[in-house]
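Take a look at this one; I'll ask things after.
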């Protein structure tokens, strides 16, 4: 007869070993190393919590300071490889295999380590995809997570940065894994229970908050006239005609410009209430003027944003907040919302090729995906109609039966034809292909596939790829907005002009926009200070963004 | 009869270019430039370093009217080489101040500078010295020399020493007035003493609010060209002297500052000593509330 | 610095009466454009000093488009460039023409 | 030359000077029997708020005394003190105040002579030596805006490249010769001869305008400054004239 309780028994052994170094559920910080050695086994699948925002940094350092003689060959399954400790773990041989989603600040080092064979790569995922695999074939044996506070029973309060925690805990704890949380402090009673104590086995009091990166703060002072022009084109040429009310914005200055143009330019176009009413979006500081002027009905957040806590708490009509008043974020739910309940994703990218594939990878950096490919894709499982979705579907397949026609999610890539240091946005061949070749990957890391992208917006105009009827048309539509890049200058001018006549390409003048009107005075806020003042002092920007 | 036509352009001083600032400051259409860009009096030294030149070498000088009154104006362009003083740049301001003395016309200096331009450091340093001397000579002849500080580059290095010779200083929150820049202090003293990337620290140590509170600047205005214009009009109505009595008063004023605040570790302590209720909130206050809170600030009237 | 010079046929001459105009500043990613009305009305010259080397082809395309699309006739244009992107160059050129066409006060 | 040797050579007839770790102050007797005030920043120290206000106080006292005796400013300093405390307290005002006091003294009838005998840089140089009506130097003096290694860091050029460029122009590199060529230093004294007569010669020069840019043009180290300044003056006068008669 089989023993059907082997995992529970093994868990019991680990917990017993862990309790040797704990008082109840509380692990004293000096014992952290010995404790981790006791509960983690070589070859374990370990989820070290951290994404593009919050980080279980104390636990990451503790794990990295173990000796490979004690623990080795771990398989790390985690959203973000962001802290240097995350890679030290591989450098030391404590971990060997990696499945992840995002690597922002470590993108160059992770590439070097992949080339050097220090890391055995499983795959680079989108957030939602990795979360899904936690429940199928990448379930962690141990989860090292981060929260704001805990009580002695292990009930956790995550504050506004709940983010990935419920997902990680759900997958680990209910499948006989060990959950260890670092918290800023242990309290008698937590302000609200984000994670029930039953699911949390151990708690470490860090005596300082976990690290959070203010990734979604864009200083309005850095927005250029060209970015404003692209924002005007997007608002008048896409938001308005499709009536986009439910959407997600990527991070970047182009979308920040859009957010800051809503109360000024958008208002002038009479779009208030007709576009941008519901968002799957982090609390971008650049959203403050639009929220304050009554544009936005509702925002659900993946995570929080540093400095926005008090503002969000004071705007519970717009944001999701708990009984304690603070934001409740949830990355898995928000990613799902971004995929299924939004009609548009708009974001910037680094490279777009002639087919319309786009990528943020360069040959020496692997930045990962985060959530953009999920948001920036057309959900085949969607069944509910909406005006923009149906309209986009009709543009893509005009001659078909409307009742049987799929709608299309609007997936918009926005940017200037030349990026930093005059590097062109448009390329013959994505650097991602070269990277895939060098690393012998089956898939090139493409952020948004060409069959998902519907529009490309640059300062030269908008290319509507839904209306292209052939590969050649698509290429010329892309060349036709590629400005003075090599790709743009090699356009077939006659064909581009024909596409323009058909409305596939729209120039600023076709939309009644004078590029000379793209002025910074159009921005509802021109500095972080303006944002702070617009929030009535509720937004408290991090020091590095201040100039007062 | 001169016609007074107030300009109504609304413009962020911090963001504006030197030329935009002048246009917004003076009576509409009244400005005429001396040695304009069409004369291409560029720096003869930047090409040695293969650096781009600007036709006006980063400073616009000329004559306009402010509320009907003729005034000589110099505006530095903080985005070109950080608004730094080179040979030509500096000589344009020196000439303007000497002209002010000769013609008995007041001067406005729109500072926006990181100090001396290193690629022509000796010429820049001497220009600073010549300008300071020219300011004092003009002031002793009864001329007002008013400094306006609120640009991107701040007013650093030798520029801050010139500002110290002015009869009156107008500053906005964005304005910074300091000899050594944040990076220089960090390099010399270590990041423990001064973290140059901590912008809140930079501003509360060198920024407009702090400078106004300790009496290093006389007027605090919004980051708005019209606010600078109004303050400049008022400043020109004052009659600044520059004699022994004024310097004696300044000596007492600066000695008192050392006595009152010399032990402070941080600006917040100084603001506390000034009797400001919740000093840590001060940086976030909008202008009106700040000016009310600043009621008991140190002043420099007749002591500058 | 790289120096480039263009002498272009201009289908439309610049409006207004101002003798000169200047827009922009020389900074990283930015440029200044000085326009002087000193040429026959069907000619436009553009002299460029740029910090970014090797972009001659791009400049060629930008200034030809400019001369074809905007009213540039009669203008002697001088550019000091701190490595601006082509879109910024095109914008400054357009701003320059608008400025020289402003009525004189 | 050491400071003591300099003082002995300058004032064989007697002097009464007090020195601290950073400053010197007192009086001396000129060969003709008249008194001269002596002030200075010494021992290569930086100039901060405390030193600046002390020196400025001395200068103001001298002016108030009404004796119209000349003032010799001895300079061997570092740059301004680069500290949080000094900037927090408004160092720019203190340095300007010192410079203003010296400029005022000259205007009130005291000859002001700077003697650069060591190093000096940046704000300290401007507030002391360059605020004197006449600046002289001794061989070996080291005026600078910034040292070459720092300059290399800021300009992102190697020190070797900077040195090579410095061969071609006196306009940026530190050093006495360059400052002389630029017109900032009136004359470099002969250290092998007694200094007292050399000082007397400087004191005998007529009082006058700021002639540094003219010297810079004559010596070829700063060819444009004087011409540009003069053109601005002429253009301003013309604009003024048009407004008066227009």
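Order of writing sets the chain letters: A, B, C and D. Residues in each chain are counted from 1.
Criterion: a contact is a pair of C-beta atoms (placed from the backbone, for glycine too) under 8 Å apart; a residue touches a chain by one contact, two chains touch by 3 or more.
In this text the structure is predicted, and so the values were computed from the model without any measurement.
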Most distant chain from chain D by Cα centroid: A
Central chain (by mean CA position): B
Interchain centroid distance [CA atoms averaged], chain A/chain C, Å: 41
Centre-to-centre distance between chain C and chain B (centres being mean Cα positions), rounded to whole Å: 33
Length of the line joining the C-alpha centres of chain A and chain D, rounded to whole Å: 59
Centroid distance [mean C-alpha coordinates] between chain D and chain C, Å: 45
Residues of chain A touching at least two other chains: none
Chains grouped in pairs wherever the two touch, ordered by label: A-B, A-C, B-C, B-D
Chain A partner contacts - residues on chain B that touch it in the complex: 10, 12, 14-15, 173-174, 197-201, 203, 207, 209, 283-284, 286
Chain B residues touching chain D - in the complex, by the definition given at the top: 32, 34-35, 41, 44-45, 48-49, 61-63, 70, 72, 87-88, 90-92, 94-96, 98-100, 102-103, 105, 116, 118-130, 132-134, 136-137, 140, 157-158, 160-165, 177-180, 184-185, 188-189, 193-194, 205-206, 210-211, 214, 216, 242-244, 247-248, 250-251, 254-255, 257-258, 261-262, 264, 266-267, 270
For the chain C and chain B complex, residues of the former touching the latter: 1, 20, 22, 25-27, 30, 32, 34, 36, 49-51, 78, 80-82, 105
For the chain A and chain B complex, residues of the former touching the latter: 221, 520-521, 526-527, 529, 532-533, 537, 540, 543-548
Chain A residues within the chain C interface of the complex: 224-226, 416-418, 422, 459-460, 483-484, 489, 515-516, 518
